[in-house]
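Starting off with a structure, shown below.
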């Protein structure tokens, strides 16, 4: 499904070069639920951004759903994000001036679906996250947990192959976080691959596989001995 | 505390030079354009003799044709017949009164080195000087005695005195006009009322003044034709100069000074009575329609501020409005960009009122900067206007009063423009921005 | 195209709509009316006076003393002298010239009945040299004959036997003719009720203009030439037509030469016809220039305003734009978003502006002498404003399109 080999990512500012990822290799199979952990600044977001085609990598190979993405045009990358990927952000990233219906509609419009198709998908996605009744509400009228559920609906509506979630519960209290986690587990159960960054060991433990990133390099912890028993400090 | 706001505002303006520059530019363009038209309008519509504009009256009698008015709607002629003007000027029913018309004459300097000049002057009564108060450099007006005795005396302008007498005190010397000598009794200093209200009909409200003044009664001998407007609704009965004087042609102006409403009422009754008498003699076929207009009303009647000036003023004001809308948008951008700073200040205990004052101070500062640049642009605009119409030179001045006015308009406008953005900035909750960070 | 959600966004936060919309509306209203006034004025300025404009000058002299018979003698002497000068085509005593802004006018009728349809017209004095002296286009009839020319003093009632009139006056006077030449041989009438007299029309000239336009009635094209030498007190004034290229030389020498011819007078500086023309159209020119500056600045301010406000929106929506990019929007989609948004707002402004423009035009038409606005000004102005609006939006919108999608995860 997703395969990275010896990826590098260097950020250059006029003062310093930061090697956010070094010789980074990972392979994710279809249907996996991968939890990514690691200390702050270790390169988790960088990994997610490259995986999600939001940023380009500096060297190495990256195959997404069988397509080598290095050197693809911005247009093609946009189309792949739109069709194959779904995003869930820590800050929800809903558009405040659009109601829930129109927020979920955003990626569908770029896909070029007709009005009827979009409506069906929006209604189904909102139903999946239990917010159908709120379709005409605006984001500001919802709690954080509800907003994140709308963001999930927005990601789901396009029926992505992979769902990328960067600290989706980072702004939520534990009850809300668990509710969001349950939805994600449901989605994964129906076959969608999920990669999720989290600081919460309890949530990470519920994933099928745990990946730990330190200093831009992967330590793969296979699901069997998942958990925090090795005593890796979870920095917040 | 106010100085603190001032400092904050100045710092904030320097902090985003592009946006601030754009705002100042928008205000300055608006103010510059508006002030260009306003300065001209102001000069045109100004009161040329503020201390007695309510006491000086132009007199009109309606001697026009029974078939149609001189001008619609039912306006009497803008000047008078010679016989009416002369009668009223000498009847003495007002405190001061004078009839007058403009003439052209050749000046033959006694000094052979100075070339003869074609000059323009005014046949008038000695009351002219008491009424319109031209400043004297040397000497003074002639007397009512001279009016009655057809004295060969003259008052000349400073300019003519410079040209013919080399700027000397020429009182007592002779001036040769159209082949006859006149004794100079007075030399005027510069006399440029704006507009030249006492003769907007013939000379134009913004034209050059008179070179000389002669007693009106001298016309008995000189038999002059006016160098100005002459309108007749019927031909003179007789083909002679006397026929012209007795005709219904209008070409002489009459002004009177009436110091109180009572005097004004009495004078109105007096001219109405006069016209009534004349009607019995078969003149004045139209219904009684005599007018007394004080200075400002006369300038309005004569449309001294022309249509183009009004249109330019109106359009440039609308332009100023567009610039203000523009400024509102830019201020909104600027003030809300600093939403974070506001919520920190609010969290640190700044009251809504304090934030309000801080932002309004910033608006006012923008307005002041806009006014300064705008005044520069306005003087540029006025220089262009001057180039286009050199004869409007006198109308294209910026004086300290106008500069203050521009500053007031600009700051008021900027405060108005800043009101909504400031209100939005004040509406930011103390912690709202902190929470999401 | 995502018009509905964009519209919803605009309406939810209508400040931008109000600010830019009002700005566009006012701009349209002002620009359209100003442009119309400017074109009218420029059209005015193209009017020809109907004479040999480039080669004419006037000069006048006032004697120190003497009566009208002396003035006549001086005039004859001056004209003989002027006509004999090398470089002079011809010269004539005049009372005024087209566009000189002062002169004589009267009302004439086509029949003896003084209450019949009266036509206002300017009066020019002329002699047999008229066609040559002014460079007129005589389209029918004949010039005055030398024997027809008489001196005229101000005390006389003006009663010409023959006249030469402008083609426009011929058509205005005789509504029954369709070719001005048909007025030849007809009579115009003038004078008070009990003193009517007829004047035979012997010539028709084309294109000649009156000294002024007239306020309530238009007399600009109505001109009658009468066969008199004007004697205005001690003053004589002459129109002198120079041969091509000789005008400047004459301008430099005439005052001196006429003074030497007769020193007992003041000869004023000669003035070219171009000076009259410049003075005549000064108001039109200043109006055109001033309004052009306003129009130019207005468009500039409009563009600055749109660039400024849209830039602000781009900054404010940076995260949103990143999110849209993350969700699959191409750069083109982002650009399009802002263009559509501006087009919607500007269209609203243009609609309001069209109403304002008509209202402003109504007001100008009722208060001042401004004509009704032709519809294509409104259409052209609207289109132009929409296009400038879109062009202005492109500046910040291109910046928006360049916002990287990673903003969605990186920004707070």
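A, B and C label the chains in the order they appear, each numbered from 1.
Convention: a contact is a pair of C-beta atoms (placed from the backbone, for glycine too) under 8 Å apart; a residue touches a chain by one contact, two chains touch by 3 or more.
Worth saying up front: this structure is predicted, and the values here are computed from it rather than measured.
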Chain located farthest away, centre of chain A as origin (C-alpha): B
Most central chain, Cα average position: C
Whole-Å gap separating chain A and chain C, where each centre is the average of the chain's CA atoms: 70
Centroid spacing, where centroids are CA-atom means, of chain A and chain B in whole angstrom: 75
Whole-Å gap between the CA centroids of chain B and chain C: 25
Per-residue overlap in chain A, given as positions that touch at least 2 other chains: 91
Multi-chain contact residues (two or more partners), chain C: 412
Where chain B touches two or more other chains at once, by residue number: 436
Interface residues, chain C side, partner chain B - complex: 15-16, 19-20, 22-23, 26-27, 29-30, 33-34, 37, 62-65, 154-157, 191-192, 195, 216, 232-235, 265-266, 268, 282-283, 285-287, 289-291, 293-294, 297-298, 300-302, 304-305, 308-309, 311-312, 315-316, 364, 367-370, 412
In the complex, chain B residues that touch chain C: 19, 22, 25-26, 29-30, 33, 36-37, 71-72, 104-108, 116-118, 176, 178-179, 224-225, 234-236, 239-241, 243-244, 306-308, 310-312, 315-316, 318-319, 321-323, 325-326, 328-330, 332-333, 336-337, 381, 384-385, 388-389, 391, 420, 436-437
Residues of chain A defined as touching chain C within the complex: 45, 48-49, 52-55, 74-75, 78-79, 81-83, 87, 89-91, 93, 95-99, 102, 105-107, 109-111, 154, 158, 166
Chain C to chain A touching residues, read off their complex: 2, 5, 8-9, 12-13, 319-320, 323-331, 333, 404-406, 408-410, 412
